[in-house]
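I have a structure here, written as structure tokens, and I will follow up with some questions on it.
For clarity, chains are labelled A, B and C in written order, and residue numbers in each chain start from 1.
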Amino acid sequence: MTGPAGAGQAAGAAGPAATAGSTAQAGSPGPAGGPALDIAGLRVSYGPARAVRDASLRVAPGQVVALIGETGSGKSSLALAAARLLPGSAEISGRVSIAGHDITALGAAEFRRRRAALIGYIAQDAMAALNPVMPVGRQVGELFRAHRGLGRRAAADQAAEALARMRIPRPGAVARLFPHQLSGGMRQRVMIAMAVALSPPLLIADEPTTALDVSTQAEILGLVGELRAGSGSGILWITHDMGVVAELADWVAVMYAGRIVEQGPVTAIFDQPAHPYTEGLLRTRADLRGGRPGTPLFQVAGSPPAPGAVPPGCAFAPRCPRASAICTTAEPQLALVRGQQEAACHHPALSPPGESRPPARGPAGPAGPAALSEPASPAASAGSADHASRAESPS
Amino acid sequence: MNAPAVPAAGVAGETAVLAFEDVRKLYRGRPALDGVSLALAPGTTLGLVGESGSGKTTCVRLALGLERPTSGRLTFGGTPYPRGRRAMRPIRSQIGFVLQDPYDSLDPRMTLRQIVAEPLRARGRAGGRPPGGRGDPHETGHAAGGTSSERNSEVMAAAGVSDERISEVLAAAGLPGAPLDSYPARYSGGGRQRIAIARALIGDPALLICDEPTSSLDVSVQAQIVNLLLAARQQRDLSMLFVSHDLDLIGRVADTLAVMYAGQVVETGPAALIRDDPRHPYTRALHDAIPAAHPAQRRLAAGPADTAGSVRAAEATEVSEAGEVDARARAGAGGTGAAPGGRTASGRVIPALAGAASCVFAERCPRVQPRCRAERPLMITEAEGRTYACFHPILSSSGQTERTSTG
Amino acid sequence: MARTLIRRIGYGLIAVLGVAILAFILEFVVPGDPARAIAPRAGSAEVLRNIRLQLHLNQPLAVQFADYFAGLLHGNLGTSYVQRQPVATLIGQRLAATGWLALAGVAAEVVIGGALGLAATVFRRVRVAVSAVNLVLLAIPQFVVGLVLLLVFGFQLHAAPVTGGAGAAQIVLPALTLGLVGAPWYAQIVADQMQDSLASAYVRTAVAKGLTDRYILRRHVLRNVLSPAITMVGLDLGAYLSGVVTVEVVFGWPGIGQLAVSSLQNLDRPVIMGTVIVGAVAVVAFNLLADLVRMQVDPRTRMDAA
């Protein structure tokens, strides 16, 4: 990670990509300049429920940005708004640019013609997101027919090739199958094949592995790893799983109650989470992995506010172990904490909390970090007992 | 089948709360379970782990008495499962369950009071007319009948459940002060699982069966629900059957693990051992599929160079839990001729045929040898109380890094 | 696949047989004496006795039952008490007329109902108007619709022939009657399915792929709407083939419905049985046919064929 961090509100959002050298592919439309995705001041509401409250985010070409959050945090609304896929009932404001094109300014017809070449969208539930009564090959081929003007035969050939690039065995035969005849992993590969078919500069993946087995997830992550290496597309990857983030992301943005509350390079976030919510998620994850069997897990007590009932001040304050008086009155703004890392917190963790570093595991883990985790466990357990009693005792 | 009964996991002289003895279950002639033996020692948690289609859910259905095995038998506290729904009731009343989908497992037209009191109502009627199977996880749902006030009074009369008792259980499940007249629609996924837990606990069951209870929940909610289950287990001296595809989670929750693949138990033993130092290549593959804890350790998405030679754990594997394979998919994919235990181009696992003379995992195993395809491995028992069915197990001395156990 | 088909046909035959047995028993439960219905008004006891003897009406129920079903197994539907012709011939003469009317009626239903349903989903502004039309059509009895059409198009505008025969021109009004009365059901199904489909994740995917609205509607939405509509077409064809009594009577359409009515009035048991059996066969056959077509349209329904 090199390069200066922008200090501006939106500009500071995106650090240079890990694969900063790679540029957008030749096939990408429009000027290659500009970030793959640049969201500024985005707000989305459904009536009184404010799903996204002033979010700004950038994805550089070739960069994987993980957007983390729990159900109702607004991460899916943000992703759908970025892809201009929200229903008409949603009120949206703010600016979204993709590879230098301000898509919020494009007319509907113009955007429809260009969207598949600008954004690849990968849905969470591939079973629902694929048409049940159309062979998957035709669903991929449609893209080539609609946007490349290919005939039926040529489109079918291209579709089979696209499936083959997703490492689908016997792509010609699989192309003739219907979604329900494929396994979950295969269906998700078909989804990805469609998303990358026209080599768009931006991929938006909305929890694409959440519904899959760990082993199928591993496979999809491997595939995305290859894709990233082979194309210059920026990827916005929505998830609630810190493990997926650790595997895939260059940059992490954490969303809570409609706002981005922390963001930064993935290593910085994992090593020194500044926001207590991020810290809680990481500690839970680490405890799940390294804690002693049968002992309580570290947990973030309570639950997030409903989108229509966000409390004044910091939305996380009611669940926060570090909350003070100011947290319930003034809403903290994103501010640089260290390096390129930003957090919206009145009491960010400024020094590296040793215990938040997750223990190493498995064959890849050197012995060193594993040893580091030793002192973590008792602390985590104690913390969790504390939280658990708060969560479970009838008040 | 020529393989002998698998030594049951975790029995130490005591009578197992729940035991499977060489259980086989066929659906349309295809094995969903193939010679499964398991034992759950009193007061402990047995974790069942495996991918979808491995037979976990079939085990749950059998344990709940919703179905009967094709051969072999199940026992509860040493008593064999009887035939027939009525005869099952005494056993069923001692089993609580929490299922995966919190949106599907609660009847949206029942109030919290009705949902939570349900198991007691069924029990109160044990000698009376059958309650229409209400309380069965797969039928609970939408079998509601009668007006709510009618049902309220019935519940009260039949089981003597007081509102205080219901509130108490709900509070213990983390929903203190929840209005008893509210409907599940008011609650989030986590809240609904708490309601399901309250329902599972109200009858003071001896056994709690959890089938992927947190897999559809957010991380922070998952931790809360797991802690709730752990606390309940400790306070009530529960035995638990915990089913999950997440090796991390299950290794954290269970005392003993049983790893399932294609309807067979391929490895069992103390949770920490299985999780940290697996012998069976399949367990290893599951282990390797877990995403890294830290970006510095990433391997899964590291790009093409990394993928060669690694056990790509389970290229797509999905079979309906009934263990069926869509024959058309295979035909459509060009009659692939994939062997039993392998997978088709469409990504579905083909379960091995009953009594097949090969290792179920042979087709996907990186350590496969000719013998694995010619013979079915027997269960090997090691001193630490672990067993595995593999001719070429991964031994810790073979240079594979062990995960440091914090236990 | 073949096994499923054979099993379905077997079930169908059992269903037809069950209906036939039930109808046979009901005929005897219904009060009335066929001999009296056939005999001249002033027929003596002697005449009645002769008629009963001739028609085997004096035999015990069990014997009559055995005789009838033995005949049925050989494809013999018996002979009409009144017209002294084989029932098969009587039905055969009218089957074509009823068949055409059923086809034309279902076609009208599909076209009118489909159009209403599409309009209600695609043009949101007319949704309320379509609901109102649906409600009115549902509320008006079939014969009233028929009579109104007759009055308006037949007698007032002279746009269509009023009665007589089963010609191409004469079919318009009865078919339109069936179409108008059946349309709300199709409109509802089409509208519901369209709404589900338009809100689905796969349509969102199609939108994300930059396909045009018209293409998405044609290729992604309509096919998903077809499946339940096909089931309903099968049900309607079967039901109409067993006679569309009201419409046939109102328009003087010489179909099986009229035959059934007159046979009931005359207690002409063999003809009653004949119409019931033909109706049951039609219902079973078209149901099966609809399922076969549905399997072609919706691959998910092919699952059990493995």
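Convention: contacts are C-beta pairs under 8 Å (C-beta built on N, C-alpha and C of every residue); 3 or more make two chains touch, one makes a residue touch a chain.
Just so we're clear, the structure is a prediction, and the values are computed from it rather than from any experiment.
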Greatest separation from chain B - chain, by CA centre: C
Per-chain CA centroid nearest to the all-protein CA mean: B
Chain A and chain B, separation of their C-alpha mean positions in angstrom: 30
Distance from chain C to chain B - Cα centre to Cα centre, in angstrom: 50
Intercentroid distance (Cα basis), chain C paired with chain A, Å: 56
Residues of chain A engaged with two or more neighbouring chains: 180-181
Residue numbers of chain B (touch at least two other chains): 326, 328
Per-residue multi-chain contacts in chain C, two or more chains: 303
In the complex, chain B residues that touch chain A: 45, 51-52, 171-172, 174, 176-177, 188-190, 218-224, 226-228, 230-231, 245-249, 251-255, 271-272, 285-304, 306-307, 312-318, 326, 328-329, 332-334, 336, 343, 345-348, 400-401, 403-404, 406-407
Chain C-touching residues of chain A, taken from the complex the two chains share: 83, 85, 112-117, 119, 121, 123, 125, 128-134, 142-143, 146-147, 178, 180-181, 191, 194
List of chain C residues in touch with chain A within their complex: 200-202, 204-212, 215, 219-220, 223-224, 227, 297-300, 303
Parts of chain A lying in touch with chain B, wherever the complex brings them together: 70-71, 168-170, 173-174, 176-177, 180-186, 189, 213-219, 221-222, 224-226, 228-229, 240-249, 266-267, 270, 280-281, 284-301, 303, 357-365, 367, 369-371, 373-374, 377, 384, 388, 391-395
